[in-house]
């Protein structure tokens, strides 16, 4: 399916402020970017670079005043995410070198503290996809998904204690549980077609059967329409904005996803 | 200045043919890509990757029939290229690691055979920018620039013997001469505003005074309006199309560059 | 100064166990490896790779039985680490792209929770080296350095609450405090000449004045004799051993550092 | 088999001269470096870096006087190189991204000029390993291998005209022929057990059946005992020494390869 995605953001910047932005999707294994637009005002010098996870980022110093960022892309993505109940656990020694880092605990995914819970959730499951499926199901029925309920990222331990969270929070807990079973898992931020309420979204991917699969405990049914803009260990790596210095007031944050072709 | 550049290509493909394409400009030190569109028909699976020089490339297998590729970008680039007669030669030991490869001889730039000529051309010049300027001037007055005069890349030795060539040929000879003086030099392909006749273009960059500078013996005066789509050692690395298998007939090749804003 | 460093480890492996090891130092800006030996028994297939931080790692599956790893290197390193009280804070927009990741919070360095404490510790200090020096001094006088007091990594928040820790713990807190002030900081594990008791060691580096400087709150005076074997965001990235599966009993762990030449 | 390899070089340097050296073997898919020593005198500042092909290189400025480089390694390598007559040609669209560059023509391998000869040599051969085998056989019976017969690299075209060459020359022609058939091929320099006369050696690898295979037209029979120190497109990339400036006189060049264990 072909989606047109866009972000329309405006900020009130009180003093010159360095920004790092991650909002420009790239073509990859699961999506093709046919058209892409990225407009920042006022006119300023922008440096684009690729971070250690392969994400396209922009750096600039926003001057005092209103800052607007408008980005839109036309993206070909799958109508249904791939599901493969038979995808087996990949033994550590057979993981590709560049997947190994997704086994490590990270800021918001303290996987070193979740081994007991993960074993309980996945008891009697065949190692691999079915374990991750059990984790996703457990999240869906145990952690209440409440969009807008948190502003700052919370960690897997905190989410588990609180019992509720935003999309990012559920992803953090899902990732921590997977990694505690030695299943590589990573955070993804991006867009999702028909997300309600519409906003930027976060989900996770797990590496089983020799490739990455999408999991999203905030949704039901086997839906597709995902567009990735950033990958990383957790929300620390894939902040769509990192802004340094005094608080910046958000004046507008408007996200759209529209299907333009089959 | 803001330029809108575009390529509109059509080919007649007689049997399924693998292609590797390098036609999608990236934001970099000297240009910012605000808008980008890349359309290929018929609909097929495309893999986008970054090559060893940082260029964005697309791979696909074109089926039998007509293949069209249309790409366009809105690019902010300099109205005048930087000129710095005082930029000194950088001693080998002070070159960045990733610049060293641009000292090596390559397929079409046999720099290991040009030391005498380079010394003659640059006699009494201050090492650095002024040597490269002397090389550019020598090319301009010695090698006739005849657009359309060659189809396949010719090497620096061949160009020097022939005394004429297309933009790519002049760049090859300029690069070979620079490298023979231990000045790193690289090939660039892309667009140039007001190029006559309009087509894809090629020029070279030399590393002096701690950065890359643009040189183009096919043009006179200090003009800007360059948009890069690929960098490499020579035309072997920066072919805008690499096609494998039987000959593919070009049905259309239309390039435009228009100024859209100051 | 020239140091001969070595590790002599033995483990009792109960069932075939995948290992990832980070114990082979590399030549770098601050050290030159003249000689290097890395012996693993029994004989097995080993894959060596470079991780995302540039560390040299080895992967293998240890069979049931005794596993021994012996590694030794002759290393040229500085007799005194560089100290530069005048090294200024580097504004975010001037940091190199590949240093930016060291600003992010990580598993054991929750820098997003330390802004108040960092400001208190560094009040009236000139931004840059002097802030980091104040953090190191504060650590030295506030957190008791008790070698052997913890086995598993503890995070900056936990260390701050506990008031004591091993070298790794002090480094975690130092890193979190630096990052909360937007000073890039990274974890280093390796060897230190004359460390008492002798063991593998951990310290941190902060990026000020355009380069990395060594800080180590466990030592007093301006000493050198550091040999790095791994860099990363925190102990999650720079574990000298990652072992997957059932517990492995350590039979021997013997570390030596000897000066062999001036 | 376990080999102890060593280089013992001495040069008379007339004025301070920048060097780039590629003589330190790395562990890889086909070899494991257990011990490694790299000694340069006089004492000077050395920077070690990894080039674009993954080779470990050292940069330094040799002062006036005698320069000695001594390097030795203990290496586990195969007693027999892998042979697989059934390894098929890999279609372009199935080659890994990072193998694609080995299809391109390069300084000393003008593969764009060898299509007719390659087709003649490999007529009726099954695409893949058997084509490369035919090329190796053709080289062995057509191009006389005369160690020491050339000092500077010569290109595939020149070697083909001359009908004789050193190991490097035969490799260049073999690589050019493979690439002209769209088979990725790369140059390797290193050591070979029982090479006569003993010296540094060069051979080539071709990518068929999903991996690299060793080919060496200078040897007969299926031997092993290869130790790689550098990979690249051709001799331009894998010079064991690149020295910039006035001629440096070689005083000693002594290479040894000894079997130390089975």
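In this document, chain identifiers A, B, C and D correspond to the written order of the chains, with residue numbering beginning at 1 in each.
Following the convention adopted for this analysis, contacts are C-beta pairs under 8 Å (C-beta built on N, C-alpha and C of every residue); 3 or more make two chains touch, one makes a residue touch a chain.
By chain, UniProt protein names: A, B, C, D = Transglutaminase family protein.
Values in this document were obtained by computation on a predicted structure and should not be read as measured data.
Asks: Rounded to a whole Å, what is the gap between the Cα centroids of chain C and chain D?
Replies: 37
Asks: Taking each chain's centre as its mean C-alpha position, how far apart are chain A and chain C in Å?
Replies: Computed from C-alpha means, the inter-chain centre distance equals 30 Å.
Asks: Rounded to a whole Å, what is the gap between the Cα centroids of chain A and chain D?
Replies: About 44 Å separates the centre of chain A from that of chain D.
Asks: Enumerate the residues of chain B that touch no fewer than two other chains.
Replies: As it turns out, chain B has residues touching two or more other chains at 47.
Asks: In graph terms, with chains as vertices and touches as edges, which category applies: line, ring, star, complete, or other?
Replies: ring
Asks: Which of the chains are touching one another, listed as pairs?
Replies: Chain-chain contacts present: A-B, A-C, B-D, C-D.
Asks: Can you check the complex and tell me which residues of chain A touch chain B?
Replies: Within the complex, chain A touches chain B at residues 26-29, 32-39, 46-48, 50.
Asks: Give every residue of chain C touching chain A within the complex, in rising order.
Replies: Residues 18, 20, 47, 49, 51-52, 59-61, 91-93, 97-98, 100-101, 103-107, 109-110, 112, 152, 182, 236-237, 242, 244.
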